[in-house]
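Can you keep this structure in mind? I'll have questions shortly.
As written, the chains take the letters A, B and C, and residue 1 is the first residue of each chain.
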Amino acid sequence: MNEPLTLDPDRLFPADPQTREVAQELYATVKDLPIISPHGHVSPDLLLDNAAFQDATDLFLRYDHYVFRMLNAAGIDLERIGVGKVPTTDPRGAWRIFCENWHLLDGTASGYWLTHEFVTLFGLDVMPSAETADEIYDRIAARLAEPDFRPRELFNSFPIAFMATTDDPLDSLDSHAKLAELTVSGAIKGRVAPTFRPDAYVNARKPEFVEKVTALTASVGAAPDDFRGYLEAMRASRARFVERGAVSADFGVSHPRSLDLNDEEMSALYRACVGGDPSPEEADAFESGMLTRFAGMSIDDGLVMTVHPGVFRNHSTAAFDRFGPDTGHDIPVATEFTRALRPLLEKYGNDKRLHLVLFTLDETVYSREIAPLAGFYPAVYIGAPWWFIDAPDSILRFHAATSEVAGFSRLSGFIDDTRAFLSIPARHDMNRRLDAAFLARYVREGRLSLSSARHWIHRLTDEQPREIFRLG
Amino acid sequence: MNEPLTLDPDRLFPADPQTREVAQELYATVKDLPIISPHGHVSPDLLLDNAAFQDATDLFLRYDHYVFRMLNAAGIDLERIGVGKVPTTDPRGAWRIFCENWHLLDGTASGYWLTHEFVTLFGLDVMPSAETADEIYDRIAARLAEPDFRPRELFNSFPIAFMATTDDPLDSLDSHAKLAELTVSGAIKGRVAPTFRPDAYVNARKPEFVEKVTALTASVGAAPDDFRGYLEAMRASRARFVERGAVSADFGVSHPRSLDLNDEEMSALYRACVGGDPSPEEADAFESGMLTRFAGMSIDDGLVMTVHPGVFRNHSTAAFDRFGPDTGHDIPVATEFTRALRPLLEKYGNDKRLHLVLFTLDETVYSREIAPLAGFYPAVYIGAPWWFIDAPDSILRFHAATSEVAGFSRLSGFIDDTRAFLSIPARHDMNRRLDAAFLARYVREGRLSLSSARHWIHRLTDEQPREIFRLG
Amino acid sequence: MNEPLTLDPDRLFPADPQTREVAQELYATVKDLPIISPHGHVSPDLLLDNAAFQDATDLFLRYDHYVFRMLNAAGIDLERIGVGKVPTTDPRGAWRIFCENWHLLDGTASGYWLTHEFVTLFGLDVMPSAETADEIYDRIAARLAEPDFRPRELFNSFPIAFMATTDDPLDSLDSHAKLAELTVSGAIKGRVAPTFRPDAYVNARKPEFVEKVTALTASVGAAPDDFRGYLEAMRASRARFVERGAVSADFGVSHPRSLDLNDEEMSALYRACVGGDPSPEEADAFESGMLTRFAGMSIDDGLVMTVHPGVFRNHSTAAFDRFGPDTGHDIPVATEFTRALRPLLEKYGNDKRLHLVLFTLDETVYSREIAPLAGFYPAVYIGAPWWFIDAPDSILRFHAATSEVAGFSRLSGFIDDTRAFLSIPARHDMNRRLDAAFLARYVREGRLSLSSARHWIHRLTDEQPREIFRLG
């Protein structure tokens, strides 16, 4: 017998009936608000090309490292499910393997999101399994072929008010220029904006660094080892991003260390890095010095600064060599903010023009470091739980750890941070339910009035991300 | 329409009706017990002068960095709300700004305490807002003018059985001598005691260190660089504190590192420190060596040793320069106890005469380090959650992290640690409710009998702080 | 009046009635399954000798450092309760002291387990206290004298399907050979297996290291400083363990650091260690290099590799000198896995033949490091909460921290890790209730179907430990 696949209308709400009622009421006030997604990894070309999605395997498995890493852990060769440099020639077979292993995702955020997507977008009502794999594959294929299932139509129907992509400083941003025209024409009923992400041009430990900065400095006609030219090129690129509608600059640093170094010191470090063989200390110091420089640029050009630190990228060299980056083996490490960010905050922390949003994969810093920093510095905002901890229990822990220290006004709102376009509504809906669940508990415990809870859930879903990310 | 300001009689209790009933029953047994406050920052002169409080702004904003830091984060210049080296000339205007921004405190412990104070002490029934600011200001002013609203009358009505202040080793303690007379005469119906806090005389990284130890050693006629004289002066000062009723010595060290060094080693470090330019290692080693020395002095004179480590003080130099210390930008850091305290515990940890109460702002150490240490060493007690984590969810996490490892007998009881005199009943009431909520859950889960829960809530509120702080 | 001692049939289940009902249903499906105990510290001779237990003091106090450390903290001299190198001459007096102090265990896991044991194994119905101590002592004595209360009869009645002990590489394993015969004959209705634990032969910081490795290398006729001989002896010992039914090798390293060093490098480090005065760096590097070597051996011989890191052993030298190791003062420290294990995982992490089960006392690593590692590497499994955190709230935190990141398939199942034979059913029952409570919450929150929850609680209790520990 096939198991049904269902979505409980009260999912994620607290068990206590009175608290649940408050959560239902709060959720109802925000559930239909347009989605604001100020940080993510959807390709602009997805919307520009507006092609039909290929098949279930390409759509749900090939690129979703949250999902396929669990199959890898179960000992399934990723090439069999279509992951890797070339797509599988047997997508239906790959889908079968996935459905047979559906239970691996039980309890995970990915399992929760996929269930939401399968039910709401595809009308599926049976749980994936060996028996149901083909039926599901076919039903998905039929839906993908329908004209209202193109990326733009989905974008408009979710609906998304604002979506940021993540882009290379040397990207032409031509796709974004064309998307802007589609927004003006009404073909896309929301805004899509690029995000400036210069990691590859700052991290001199990476082999591609020299090639990257050579191209960057060349863009302003400077020599590769000219630090002033490097800064000028960064500023020029950011200006292009701003012109194309960017609202933020994102930094995937290994550690949120900052240093306040003068031009001479920075020039010397830069030359050592461009020389191709910097010491680890020189590479670190250069990255730390640049973090502070980027904060200064944000004050000048208004780009919100988001920091995503504390991940050991590509932990498995074998998997990296076979499948490339973002294939499920980036592993978090303990991360320190209080001392690390001090030089930057000494210089710019009291400047309201800077909006610095801090993300973490190390939950211990929420009550200890991030909330205390955001509870004092006008420039610091608390980013939503990210990646592995972008999940129901983790999000409730996050709220419990930050709200007592810094209230709700310092939260920059939910960030889906996803490559998986179809998962965007599922993720935002999850978060709205959890905000409702958390605030309902405070109401039930006599810590917050119902009207204040209504105020905050609306602000967290709508006004606060708009204000903090300067969406205008 | 103005929103009402209310206090739910069942606030902070668990939602489940059966568990809530147990919590109500447990809370009822302790809610009226006199307050024991063995660590705090109220000035003895407040009670000695017994002057009427000035106005709402001076009372609630000017000195409460838990509150005004949130306004600073919101971009409000602190001078506009009366913070700083000179008071504001427009306290009513400052109060208006605060009331307009009342929602910033939603969800925070400070918002919870202020609500308690506004309702119970001032009979307020409207929520602070732009519209209600003036009315509230005036109602507070009227109440402040009433004769039963003087500090001593409040002290007696809360009622407080014991309250410790925090004092400098060279303080004359004259205020405390006079307060003791007032206790004897019955004007104050509880005991007020000083606390020995020698940080400024131990931390050689601080610029004032040399001046401080010069004055200290002079108090016993010793040369500034005479380590024996320094120790003698410390002991003499502690003896004066004991004579004036002190029960504890408090250490706000940056890290709970201890070292067991002999006199020769300590003398050399001390001389390096007094020389005015110690290396960071020398300053650290001196502070670590003194921590162990102070434990030895506690064994001799009976002062309970409380340690409050792990804060990066005055994180923002700009704010420090404008507003001084304790102005909202002390930020916690990760803190290690197991290795750090070992030298001290090797020497004194098995000596029951030492009572060493460990506080932390790093919650990760509760189950990992502090509870295991307190579950073995007779000298070690578990301090209550402190500062940023002195809040409902944090306190429940604290209990969940420590009780399974070390039961309830090693808890030294609630500490309000506050400058905000009027918040003392609100804070203790909060903690009694949370103890009730936590113990009720264990009763409901079949982990504790109701009579044991009754036993423990009484001990945690009354006997245990009396015994551990040796209140006699 | 004596207080009753009771066991709530719904203990540890969630308070919400609907969630509780689901928990009851899930628990009912696993509560009677035979116990699988793949890691513990019961002596094989207990079952081999099958002698009656001596008395309550010897049984419950003398060896249970979870319990007697709490009495030590309360200032009770451990010799008075029978701890130490010689047993007490007054076991009844010792028992009285324990019963007088019963409340010290309120809220702890040990108190919970002892209550379970007293009620289910001894039929006790009064709470231990000064008044009831003698009665309880006598009732326990009477029960201990009954023929069905011998170790083997208890083993069969619990019932235990598989139990691992922990053994020295040079142990003859004769006891295990005889136990295997008893299993074949049906006198023991389950399997008892040794576990290879070579810590003393790897940690060159320990004074006994040279003596240990001298004996080890001699077992294969090699010179003490011959690294190839050392490796050969390790392999030979593991082969003997495998032959005697061992399923795992356990590593109580201070830190989970690994290094991938070649034979020449390892030989040099080994010689430095055998030389008797290695630098701390050499001792560390040797231990780290051996961790990777042992992973390689596991791939060859199939022994599951379990790692128990992050404890500062014998924190109190005074207690160690009086009472020896395992006497309540091993204190956890923060532990890092992501970087530490990388060399080992680079070499073997993608090899399904390796089963590497990671344990921790530092809860912060569950969501940050261990679950992400186990969610990718086929070789990595998540060990159950251990020691201080093997307790109800901690176990629920563990599930909440890991399941969202890595689902349920990477959990190796409950481990009792105990010396206290009688506590084994209490511990496993506790864990089954908590698995039921956790899964029931997910069902109630619409995150898991009831049938999936049934699937997982059975797998976690039975199939998964059998598969991961290769019980055949």
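The rule is simple: a contact is a pair of C-beta atoms (placed from the backbone, for glycine too) under 8 Å apart; a residue touches a chain by one contact, two chains touch by 3 or more.
Labels paired with UniProt names: A, B, C = Uronate isomerase.
Since the model is a prediction, treat every value here as computed from it, not as a measurement.
A.B. asks: When chain B (Uronate isomerase) touches chain C (Uronate isomerase), do the two copies use mostly the same residue numbers, with over half shared, or different ones?
C.D. replies: different
A.B. asks: For the Cα fit of chain A (Uronate isomerase) against chain C (Uronate isomerase), please give the angle of the superposing rotation, nearest 5 degrees.
C.D. replies: Rotation angle between the two copies comes out at 120 degrees.
A.B. asks: Averaging over Cα atoms per chain, report the distance between chain B (Uronate isomerase) and chain C (Uronate isomerase) in Å.
C.D. replies: Spacing between the chain centres: roughly 40 Å.
A.B. asks: Mark out which residues of chain C (Uronate isomerase) touch at least two other chains, giving numbers and ranges.
C.D. replies: In chain C (Uronate isomerase), 16, 334, 364 touch at least two other chains.
A.B. asks: Report the residues of chain C (Uronate isomerase) in contact with chain A (Uronate isomerase) in the complex, numbered from low to high.
C.D. replies: Contacts found on chain C (Uronate isomerase): 14, 16, 18-19, 334, 336, 338-339, 342, 345-346, 349-350, 352, 364, 367-369, 371-378, 380, 400-401, 403-410, 441-442, 444-449, 451-452, 455-456.
A.B. asks: For a test of understanding, state which residues of chain C (Uronate isomerase) touch chain B (Uronate isomerase) in their complex under the given definition.
C.D. replies: Its residues touching chain B (Uronate isomerase) are 3-4, 6-8, 10-13, 15-16, 69-70, 72-75, 103-109, 111-112, 127, 312, 315-319, 328-334, 361-364, 388-389, 391-394, 397.
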